[in-house]
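I have placed the structure first, in the form of structure tokens, so that the comments after it can refer back to it.
Chain nomenclature is as follows: A, B and C, assigned in order of appearance, with residue numbering initiated at 1 for each chain independently.
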Amino acid sequence: MGDFFTASVLVATIASGVRLATPYLLAGLGETIGQKSGVLNLGVDGVMQLSAFFAYYTVLKTGNLWYGSLAAIGVGLVMGLIYAVITIEFEATQGISGIGIFILGLGLSDLLFRELVGTPKPIRRLPSVDIPLLSDIPKVGEALFQHNLLTYTAFVFVPLSVLLLSRTTFGLNVRAVGENPHAADSLGVSVERTRYAAILIGNAMAGLAGAALVLGLGIFQPNLTQGLGFIAVALVYFGSWRPAGVMAGALLYGMVNATVLQWKALNIIPVSGSVLANMAPAVITIVALAFLARRGSAPAALSQPFSRH
Amino acid sequence: MNQSKRPALKLLLALLAFVMVAAACGDSDTEGSGEDGALRIAIVAPSASDDLAFTQSMVDAVNALDRPFELEITDGTFVVEDAAAAIRGYAEDGVDIVIAHGTQYGGSLAEIAPDFPETTFVWGTSTDTQGLDNVFAYNPAADEGGYVNGVLAAGISESGVIGVVGPIEAGDAVTYIGGFEAGALASGASSVNITYTGSFGDVTLASEAAQAHLTNGVDVMTGTAQMVVGAVSVATANDIPWLATQADQTSLSPGLVVASQVYRWEVVLEEMLDLRADGTVGGQVFELTLENGGLVIEFNDGFDLPSEVRDAADAAIEGIKDGSIDTGF
Amino acid sequence: MLKKLVGASVPLLAAVTAFFFGAIMLVALGANPFEGFQAMLEGAFGSGERIATTAVRATPLILVGAGISIAFRARVINIGGESQIIAGALLSTVLALNAPDLPAILLVPLVLATGAVGGFLAGAVPGLLKAHAHVNEILSTIMLNLIMVQFMNYLLGGPLIDPLQTSAGTFIPQTERLSDNAALPTLVSGTRLHLGVPVAVLAAVAAFVLLWKTPLGFRLRAVGHNADAAKAAGINVKRHITYALAISGSFGGLAGSILVFGSEGQRMVTDGSAAGFTGSAGFNGIVAALFGGLHPLWTIPSAFLFGALLTGAVQLQRVLQVPASLAVTINGIVVLFVISSAKLRGYIEGRIADRVTESEEPPDDPGPLADVAIGSLDDPIQNPIDSSDGVV
């Protein structure tokens, strides 16, 4: 156990936790914005899979990490548009539509990978970028300020999401539409347009989460996310629809995972206890929510299709 | 709630009708054995046929067979009941050799094989045929190549600390890693740190597990199962040599893969096919070993391996072959 | 009549359109789409044996779907099907391992009942967490899925592992072969049709009876309809939320024991993932339930057709040698197109109704799909506790 509480190991564990938290955070923030507008999207995982594939494939072909990230955002937007048309224009039930998107993304990313790539080939990984000055702080700098740009982006999106939701007209509209779409409609807020925008933003962030995942790994494999997107949806509930809460959930989940892996590497968790230790992130997330969190209130119109009659 | 007149069923039945119409327009498929009397072989496997690991090793092996054959593949069938349907389907179609490439398929095979006494079922990894006359079983002694890889790792390592990334503590992961640990410790490694991530598919966890090993002074790594591509990626980024198993993983990291333990299933497949040609359709167990050539250590020329380490590895191979080295299994 | 015909044809057209996309993909992969659909059809319905396989494949979907219908009626979402299936399978496996010599007439009902108990317990956990600790059930059921997989891997690789696996050095995480006395009897020889299929159908009927013919079902629906009013009427909302998830879970648990004791292998084995054991029935059951309008009885045909898609997919891959993921992709497109067609259908039916002057037809029930899309039940997410501060 003593080995764990050395500075270098703690720093590496925190850095690992931050890396692990990144895709959850990006996808979770996107889902938060969508849900705030009253739209539940269970398809996050599928969007992440497909955008991760396109990010990977773009980098494989062009070698350019920016193009890869943009491709992922593009895929997120396209999937978001499909989801928006299905749930807004056709007023389809959101739960099942999301699962449809999930199945589609899971299948299509696998299919495209098989047909276009086949055997996993490594690509460039996102380089870590040191933040000037901050990264020079002993220990702290190494743990927090030597990450890749998409990790920083994820954390910068936390305050930005808060500002977007609470300080902009668009954010007010989003919340109004999520709480009482008919009232918002009667005040001249376009429910459809607001939800379109919220879905597109949310899915673009899910796309970016896919990019962060695959470009952090430098390799793609079918079913890359392993259900990560569903956990991201769960973390929205953990965070009670507040971006900071989602961040807390993502960091908690990532940190517990990182700690378990570090303890396994140090043999603090012996091989015989390895399987049971794998339960820790999920157990601790549930327990933390049960003991720490106050009840949050869901947007009142969450998952209700809007129709003027 | 009105429970009557639910058109959903109509909808779904109509959908079915459509599929039927569409199907009626299709051609009927051809049956019987292949052209020119070629042997018809089918593989049913749990992961992708190009996974650079377990499934690919079998596909490569069949393609390396030294006789005419026609190969059909159903891969990605990690759901046992789907695999069972595919296995039965191939047998019904008159495929000569059905390779059920997954231990978890054994139960289904016990039910299916007796219905098709003319068909040879090849099943592994397994150490017994479940008493079935038309089943050949195969099992790789993964500990042998693991031991050799361990010797190589210890020889390269300067810190003496070696990291292992595994999926769950099961199957040939246990034997490979056990052999690896024995080989490394016998060759002067001070510590072999083993992490089972708990998943065959989670590339992210494999990647962070490798990262955790690095923090603890590991300077050589190995790992087994499909998700290790994430660990190889970390090794590449940090200039850490990698020992591979199941298939040749040199393409993942051309400069850093030291050697790969490769499964040459074709060695035992050839024996099975010979037996079948002589009228024995099953009932025997085959083990892949370094001795019979079923296991081969492929050294990567792109890695600058010190000659004394190579010699130690070759000595270990010989020692395992002649029985003077015990891998612990 | 015209209205119904046209109405029913809309989702059909949607499905046709979805399969048209599937055909395009088949062509892109160099395969003949007609052969593809024929293969799917033959794989699912080509013979009595294949129909039986389809029914077996649909069995866990029926059960999970019926269970989800119960939870949704009480306005709780149960995404924990996977964990409940595993819990039921594990508990019933433990029973069969410890009482292998009981006669079949006792052991078969016992393992099924034990499976249901396992699922009940796995469902009760998120139920209690929601009722008493305000832990949203979407979060807890997703997390419990992750937890139960590892627990399964722990038990099958450790305490429950077949001793032969350790002595032979193969270490496959599986139990020894389970007692023949626990095996679900085959109903039609030469096929895989086993007792689990009618059990699942009966369970779905039981779910229907529970929801609409019993006081408990009435209270569950009352809680789902309006938690405040239910509380005012003296219903213990907390307790019924727990019941809803636990009862829902018991259906998944029953599916788990059927998967073990109706499997060809007669043992429980893990490949390390939940899907390897459940075949993702915990998720596919949600789709089956929603297509069935969250009505337990309509879940039966809906699950059967979804099961047909799954068994047909195996044949599609085998005959045409296209990746298995193609079938997954087509499934996703079918779900999206069919679910999207509900509104269009309502619209078209409305237009026809306007034109038809003689309106002898009573107002049509819009059907399960429309029910889900337009009805009041589609916000089960809303937490009855949270949405009404002061309650409980």
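Assorted remarks:
One rule holds for everything that comes next: a residue touches a chain if its C-beta (ideal position, glycine included) is under 8 Å from a C-beta of that chain, and two chains touch if they have at least 3 such contacts.
Predicted, not measured: the structure shown is a model, and the values here were computed from it.
Ranking all chains by how far their C-alpha centres lie from the centre of chain A, first place goes to B. Note on interfaces A-B and B-C: more C-beta pairs are in contact across B-C. Each chain gets one centre point, the mean of its Cα atoms, and the points for chain A and chain C are 27 Å apart.
Chain geometry summary: the mean Cα position of chain B and that of chain C are 32 Å apart. Each of residues 150, 153, 157, 291, 323, 325 in chain C touches at least two other chains. Residues of chain A in contact with two or more other chains: 110, 114, 222, 275, 278. Shared interface positions of chain B, defined as residues touching 2 or more other chains, are 76, 168-169, 198-199, 201. Touching chain C in their complex are the following residues of chain B: 1-16, 18-20, 22-29, 46, 72-82, 84-86, 89-90, 102-104, 106-108, 110-112, 125-128, 139, 167-171, 173-175, 198-201, 329. Within the complex formed with chain A, the residues of chain C that make contact are 25, 29, 77, 79, 129, 133-136, 138-140, 142-147, 150-151, 153-154, 157-158, 283, 286-287, 290-291, 323, 325-333, 335-336, 339-344, 372-374, 378-383, 385-387. The touching residues of chain B, counted against chain A in their complex, run 48, 50-52, 56, 76, 163, 168-169, 193-199, 201-205, 207-209, 211-216, 218, 226-227, 229-230, 232-233, 236-237, 251-253. The residues of chain C lying in touch with chain B in their complex are 4, 7-9, 11-12, 15-16, 19, 32-43, 53, 56-57, 150, 153, 157, 168-174, 177, 212, 263-267, 269-273, 275-277, 279-280, 291-293, 295, 297-298, 301-302, 305, 308, 310-311, 314-315, 317-319, 321, 323-325, 334, 338, 364-365, 367-369. Note for the complex: chain A touches chain B at residues 3, 8-9, 12-13, 16, 19-20, 110, 114, 118-122, 125, 213, 216-219, 221-224, 226, 228, 257-258, 261-262, 264-267, 271, 274-275, 278.
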